[in-house]
Each structure stands twice: as C-alpha cells, then as structure tokens.
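Paired with chain B in one complex and with chain C in the other, chain A is shared by the two complexes that follow.
After this line comes the complex of A and B, so read on.
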C-alpha cells in the first residue's frame, strides 16, 4: 500500500485537479463565488464584477508577457476595441450583447494582429514599440468615432433571452461564468503545445527557432490571444456600464494592465492575473474610496490623485527588481514556510 | 497668408520642431546605447524637467538661465538614479524587464511632478513674445531659443562622442561592454554617466518644448512621438537623430497642413503611423546597425 498519492499517468500529473484538496477547494470556491452577491451586498458585488472583467484582460496580457516574454502597451486600447465592437455589432444585428461579445473579441484579435504585424519578425522591445503606436492610433480612432466620450449601451440590449442583465447580480453570474471559461481556456493554452512554444520563445528565441518553433508565428499568436482576451474583457465591460467612454481605454489603462501582470505574477496566467487585478484595480479603488475624502479634507487633494501614480509605478519597478515572480512568488514562499513549519527546510 | 509664405512658415516650424524631436530622440538613443533598452520614463522626465524650470523661474523668481541649469541638473540626476535603481540590478535580465521598470518610473515621475506643480498648473517660461519678419517668414524669439537650445545640445553630445576620450570610452562600452571591461574601462560608471547625459539631454529638449509650447502635463506626448524619430534614425545612432527628428518634424507639420482640414488631429498621429511603417520596412532605422545574431 503506497504511503501518499502517486501519479501513474501523464494525464494525472498534468491535471489541473490533482489532489483531493484541489477538489475540495473547487467545491468550496464554487459555492463561495455563487453565494457571494448575497454575502457582500451590491457595492462589493459591483467591485467583484469589475475585478472579473479586468482579470480576463490581464489574463490575456499575462499570456503575452508571462509566457511569450513580450510587453504590450496596447491592452487598454484593445479592450476599447472590444467594447465598441460589441455595442456596434449588437446594435447592427439587433442582438443582445452576450451574442455580440464573441465576434467582437475575434475582431479585436484581428486588429491586434494587424497592428503588431510589423514587429513579429523582430526581437525584444520592437513589439512594445509597435504596441505603443497601436495604442495611440486606436485612441485617436476612438476620439473620432466617439467624440462625446459617451456611447450609450441601451438597457434593452442587456438581455439574454427572457432574462434582463441590467442588475448587478445577474451581471455578476454571467461575467463570472465567462471569466471562469476564459480562465480555464487560458490555463489549458498555457500547458499545451502553444504554451510551451511561447515559453521557449521567451527563454531563448534563437534556440526555439532551432528546435523548429516558428518564432514569428508564436509571437503573432500570443499577441492575437492577448487581443482576443482584451476584446472579451471589453465586451464584458460594455455589459457592466451604461455608456462607453473612451477615456477608460487610454495608455494609463494599458500601463495598469501591465502593472497587474507584473505585480501579480508573470507566467502564472490565471492566479497571477487575478491577484494583480485584485491589488491594482479593486484594492486600489477600495483604498481610494476610503482615503481620498480624508485627504481632500486635509487640503491634500493633489496627493490623493498623485499617490496613485507614485504607488503604482513604485510597485511595478520594485517587483521587477526585487521579486520578478510577483505576488504569487511571495505567496508560494509563505506557503512553503507554513508547510515545513516548525522546520526551516 | 499666401501659399508661399504658408509653405515657408510651415517649413520653419517643421525645422524647429524637428530639432526638438531630434533632441528628444537623442535621449532615447543614449539610453539604448548604454543599456540596450528604451527608457519609457523619458516622456514624464520631460514633463518633470519642464516643471523644475517653471517652478524655479516663476515661483522662486530665479533668472531664466539659472532655472534652465536647475532643470538640466534635475534631468541628469534622475537619469543617474534610474540607472542605479533600475538598470543596474536588471542587468542580465531580459531587456523587456528594464523597459517595464522604466514604465514604473514613468508613473512615479508623473505623480511627483503632479505634486510638485500643485496639480499641473499651466504656465510659460519667461521668453518674451517678440516677432521678426524675414521676407515671408515670421520668426519668433521662442522659436529661435528652442531650435538653438536643442541644436546646441545635440551638437555637444556629438562632439563629446567624437572628440573626447570620455566619448570614445562611452562608445567602447556601448559597442562591447565585456571588451571594455577587459581594457579596464569603468563600465558601470560610464553606463551611469550615459543615463545621466540622456536625462540632461531630455531636460534640454523639455526646456526647448516648454519655450516653444507651454509648460504642462501634455508635454509627454511630444516625447512619445519622438520615439518615431528615434526608430527612424536607428536606435543606436547618435548623429542620425538629426535626420530622424527633422523627417518627423516635416512629416508632421506638412501632414497636418494637408490632412487636418479633412480629419482634425490626424496630423499629430502621423508619428505613430510612421513608427509602424518604419518597423515594417526598415526596423533598424536609417543609421542603426543591423543586428546579426550568432548562435
């Protein structure tokens, strides 16, 4: 009788749910997530909705940055492409938003591939340069098609058959479902042949080329995937708002996305992105909501808005220099420490 | 204005703006030569340096040359600090990491300049508005100062690289850091100096911009556009930035003249379109060395 859990097949070793504790965590997590809107009230539910939306976008960027080793500063604008495309497609075809999200995400993937096209054959930072140009050009296009900074998302589009999705709670369940599917897909892409090819390109592109990986194709694919997830996030975002304002998709949004990935944990596609989005997006808005009033009353209103930039920027730089694995790396060390406690190794 | 004077004046503006772009591009290229990465903190470094001059001039009442010097010193210092805090610990890691870290610095610098300028107060440096007509051309004092400042900066850096021992040492470090170490060159100090000079050059370009336009938080947009000039020249060229910057200036000015009646604001986006085209056609730029990879 073996003492412990032994894996005999490759499938068992590579499974997402390997140990009993994984199954228990899945059951408990699912139950918790389903019951969440009842437990935390409407304000925190809306925060959770935003968190889910931005996690999807961060997952896309994490595949590009963490797996393929490229940085992109266009994730915010691509999310905007997804949001606008969703609304316009839904309006043109007289369908609901949910039906329009998938075509919009595919369209976004095409746009991102097209804009990244010049840089796929080049090394290192060239994709970053192309993405900056893409971000600025897309911002300009948004400002042309949406000069009022308000493209309404009609309530009668926010339906799924007979169900209305105007309520935060119903939005929560729909978006949670979409985010869960997206996360599962991303996790599977990460551990499939495509994911391994991306990692090879990240670690040494010359060596990757030699073992027969088409580096340009893998980079293009990674950028397209990042675009697809950004488009998906944009579509889900359109579902949550009453009107789309393109100033939500500026260079700052892209930088925030990059910050989520780098602080959360590059390469840990799902959990790293979730942690990053939790800290950078949700954590920040909660902190801001509680602090900015006090600071403004003390006459330090500037500090309240400036501190966001200073703290975020310092976090990104500090994590890159001191903890390249991100928050998830810290968590893993804590977990190891607790597992081995009271021994040090 | 008739067509001739319109063309002449637009050409002159393109020249002035082109020299500013060239100086901004030189800031990117100096960093690229030293650390093989693009300093994405430069756009906000430009804003910060412009505000240092503005604060020194209009809040503390210092004379214009002194406030300019203060701004240059601040730029140099920020460059050195960025090298010490980011570029040095990230040596040997993928260049993408350093770029992302400078992006963090971009955010920090924006926050700092926001606080320092009491929420981005707008203002101008004390250059009087004086015009002089030369034939069909209308020249203002601020144009002359901006063009002179950026040209002088570029010229100084070119001279430094070409004619001094220090410049030769910096070239050696950029060409082959290991070889330079073997010859006993202080590679770390020279890299730091390169970043410092890049910061000071960016500050000089910021001053030129502040004289030409206005001190404000949107100056970072010019520095972002200058990335196109940098790419066009080739990221590791020094004198090439003049060609890249002027090309960008002319493309933007005449492009705006032709296109803006149909699509307002499209002219200022031409830089980014040019960037994508350069990446597609000639990614190493006109004067950049093409990288040949060995396995």
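After this line comes the complex of A and C, so read on.
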C-alpha cells in the first residue's frame, strides 16, 4: 500500500483529475449544481445564470490577459458582437438560438483577431488604449445597428427542438452545460503546448521568438480565443434576456471583465475566472449599496452616485497591490494552512 | 538515451520542405552554419565589420575576443535577431539571411543566453517543454477537446523533457518556478531548453559567465555528452579561456568587429595579433 498518490504514467500526471479528492469534488459539485434551482429559488437561479454567462466571458479574457499577457478592454463589446450576431443569425436562418451561438462565436473570434492586430506592435498601456479604441468603435457600430437600444429576442427562438428555453430553470441547465464544456475546453488549452506558448509570450516575448515560437501567431490565437469565449458569453446572454440593449456592452462591462480576471486570479483560467465573476457580480453590488448608504448618511450624497466606481477601483487596486495572484492565491494559502494544521510547518 | 525515439529532425524536414521559404544554393562544403562578411551598424558605429565565421558539422567552435569586439552582435545575427547591413548567413548550404528568429529555431538553430531569458513564472519542466511547441502537430481544437493526437504528443513531449532533465540532472527542480532558482541552475535550464529541440547547432552566449567551478564542469560535461552522442555542433561565445581551450577544436578571435585570427586553440593563443588584442601592445 503506497503512502500517498503516485503516478506511473506522464498521462496520469497531466490529468485534470489527479487525486481521489478531485473525483469526489467533481461528483459533489455536479450533484450540487444540478440540484441548485430546487434549493435556491428563481431569483438566485437567475443570478447563477448570469454568473455562468459572465464566467465564460471572463475565461476568454483570462486566457488573453492571464495566459498570453495581452491587456484588452474590449471584452464587453465583443460580448455584444456575440449577442447581436446570435440573434441576427438565428433570425436570418430561422433557427433557434442554441444553433446560432457557435457561428456567432466564430464570427466574434474573427472580429477579435482583427482588433488584436495592434498587439503585434503595441504593449502594455498602449495596447490597452488601442483596445479601448476598439471598444468605442464597436459601441458606435452597435448604436447604428440598434438605435432604439432594444433588439427583441423572440420567445420562439428560445427553443431546442420541442423544449422551450424561456424558463429560467431550463436556461440554467443549458447554460450550465455550455459553461462547463467551455471551461473544460479552456482548461485543456491551458495545459497544452498552446497554453505554454502563451505563457512564454507573456513572460518574455523576445526569448519566445528566439526559441521558435511564432509570437504574432500566438497573440492572434489568444485574441481569437478571447473573442470566441466572449461571443459564446454574448450568445448565452441573448438566451437569458427578452431584448438586447447595447448599453449592457459598454466600457463599464469591459472594465468589469478585466476586474474579474485581476481579482479572481490572472493565469488561473477556470477557477480564477469563476471566483472573479462571483466576487465582482455579487460582492460588488453589495459593497456598492452599503458604501452608497454610508456616504448618504455622512451627508456625502454627492459622492454616492460614484460609489460603484469607487468600490470597483478600490477592489482592483487592493488585489493588485496585496494579492497579485487574486482570490486563487488566498485560497491556496488557506488550503496550505489546512493541510498542515495543526502544525505551522 | 537522449537521441533515441522519434526524432525532431525528421519532423523538421516534414515541416520545412527544402523548396519553401529559403533558397537552396551555395555548396557549403559541410558547414552547418556560415556567416560571410557580416556588417552590422548601430547609428554609424560598426559593431560587426566584415566578420566571417564557419561552424562545421559535429564541431565545437569557440568565439572569443575582448569586450565590445562584436561577439554577441554576431551571435544575434546568426540567430536572426539582428538583420545585417551587409553579408549573408547560410545554414546547411541555404541562405537564411531573411528568415525571422522563430523560423531559424524550427530549422535546428538553438540558442542560449548570457543573462537569464527564461520564462520566469513557469516551472522548469514547462520551460523545457515549451521549446517543443514549434513542432506541435495538433490544432487548437485537438487541444480543447484533448483528443488522442494532442494527448499522445503531450506525453511524448514530457518524455523528451524528462530525457534532458536527466542529462542535466535537474530532477530536484522539475516543478519549481524558474524565477526562484539560483543562477547556476537557471543556466542549466537554459541549456536544457536548447537541447530539447535536438538542434543541429547550439549558439551559446557565455554559458559559463558567473558560475562556480563545479557549475562550469556540469555544463561542460553536458556539452561533451551531447557532442559525443549526436551530430550536434556548438558555437560558444566565452570569456573563460580555460573552458575554450578544453572544449573547442577551433577558435575564432574577434576584435573591433573583425575576425583577426582562427585556428586550433593552442595556435590562436600564441598568435601575436591575439595577444595584442587582449593585452595591448
């Protein structure tokens, strides 16, 4: 009987589920997620749906920013591209939304690759500025396509064969499934040679070029993947709403996405994105509400309207300074503490 | 052993059919890498001024010279990082002067660095495995779905990396983050990174700089072992003359951007021009 878990093949060592506890966690997690709508009621189910949608988008940005090291502030607009494309494709081909999501995501990937072209020459702040420009251009295009800020998503599009997807519960299961597949795909890409090449470009692009990595191609691929996941998130978002309003895809959304990545854990594409999405989407509004109340009570009502941005800025700044690895870093330390408990070393 | 199993060289031939990208001409007389009359200028300063060097098949060649002689610049021309103002670079008889660095690496020209240019936030084994990425045979879709092709190649890449880890005795550091390792180990990882590509030639920029005697011996032993068991050539830019004398069969001496002497190490060491360049008249 071996005293621990020992791997005899490299393939086992590379697995996503390496230890018995992973299998147990997978089983428990699946059961919990499947039973969730029954446990928490419709309001929180719709919140979970939103979280799943934003997690998919954040995974895309996390691959781009956390793995490949390219900052982008256009993820929100790309999600919009995905949402509009999904509805337009579904309307044009008279299909349901689910069938239109994949082509829409591929289209978004193409748009994103195009917007990523400046990354071949620009780095850091300059690339961030270029991506804000891309965000603005896309917002302008949305405002031309959709001047009423309302593109209805007809209920008869929200079907999958005989099943209607208008209910929050059915949406939950469909979106959960899509998000799980997307997360698995992202994790696989992250542990493959492609993920390593992206990390190499992030850490040292000159050396990456010298060892034979086509840096421009890797960057283009990272943008394409970020766009694909943004498009996927946009398509799933379209499924959850009655009409698309492009003001949901403004620079605020893009900043929110970047905050999810930075707070959750850049480079930890699945768990970092999930935790980031959870904290930013839920914790943010709670903190915002309490800060806004406090400010009003203190007679600083004039600042209360800005409390949203104060909270977001403070969160991101605090994580960048105190915990650059994000929530994942905190979790890892907690895990390490519990593993060694009750001894400190 | 290191060079058994599926050879990267054959993958390379498949990826780069001789007709594509680079021009086949110029009988090379067996030279793996050859630079002819290279001139590199930085704002009017001629860092390299008409230097020519030649590394044959299965040779360890040294490139020495005082500081500022243009050795590293020449190395950067060979690896494609600088484009020369004049002169051509030939690899296996083909003109590769216009190829970007990543294409040269794919052809079998590996390179190590004077200062650590490793990927700091990756583990040692990842740093080594990432060097096989140029030969990745599968697409993003294969990776996303973790299909057989991707899985088998990943296992193969890991086995290759482990062979080089074995060669350079890096077992203990396998899963450590490279940025946290001491410089001596980082130099070994850098060499491992180059060797995993099974290159035809390794360009080494001061592999021994800043190392202790034992660390130098470790690196030298690895170079000799690879040299003895394969066809690989080495070009060493080095300040430690003792190392050069022990390892190299042939030495080029540079000064003021020119090659002032070449030959066997003991001949070169007694050459009056070389003594003058190093010590002054």
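Observations on the structure shown:
To be clear about the criterion, the second predicted complex is superposed on the first by the 316 of 345 C-alpha atoms of A that agree within 3 Å, B and C clash if a C-alpha of one lies under 4 Å from a C-alpha of the other, contacts with A are read in each partner's own complex, and residues count from 1 in each chain.
By definition in this document, a residue touches a chain if its C-beta (ideal position, glycine included) is under 8 Å from a C-beta of that chain, and two chains touch if they have at least 3 such contacts.
Since the model is a prediction, treat every value here as computed from it, not as a measurement.
Clash-free side-by-side placement of chain B and chain C is the outcome of superposition onto chain A. Set against each other, chain B and chain C touch different numbers of residues in chain A, with B touching more.
Chain B and chain C, viewed from the C-alpha centre of chain A in the overlaid structures, lie at an angle of 80 degrees when rounded to the nearest 10. Once chain A of one complex is fitted onto chain A of the other, the partner contacts of A:310 are limited to chain B, with no touch recorded for chain C. Of the two partner chains placed around the shared chain by superposition, neither chain B nor chain C is touched by A:153.
Legend: residue contacts after superposition of the two complexes on their common chain; A:239 is shown touching neither chain B nor chain C. In the superposed pair of complexes, A:192 makes contact with chain C only, with no contact to chain B. When both complexes are overlaid on chain A, the residue A:52 reaches neither chain B nor chain C.
Looking at the shared chain after the overlay, A:200 reaches chain C, while chain B stays out of its contact range.
Shared-chain residue A:211: touches chain C; no touch with chain B. Across the superposed structures, the minimum distance from chain B to chain C, using CA atoms, reads 8 Å. Common to the chain B and chain C contact sets on chain A are residues 206-207, 210.
By the touch criterion given at the top, residues 79, 81, 100-106, 110-111, 113, 117-122, 126, 129-134, 136, 138, 140, 143-146, 150-151, 153-155, 157-159, 162, 193, 197 of chain C touch chain A in their complex. On chain A, the positions that touch chain B within their shared complex are 65, 69-71, 73, 115, 117-119, 122-126, 128-130, 132-134, 136-137, 140, 143-144, 206-207, 210, 255, 258-259, 262, 301-303, 305-318, 320-321, 324. Residues 9-11, 13-14, 185-186, 188-189, 191-197, 199-200, 202-204, 206-215, 221, 225, 267 of chain A are the ones touching chain C in the complex. Chain B makes touch with chain A in their complex at residues 37-38, 85-86, 89-90, 93-97, 99-101, 103-112, 114-115, 118-119, 224, 227-228, 231, 263, 265-266, 269, 272-273, 275-277, 279-280, 283, 291, 293, 295.
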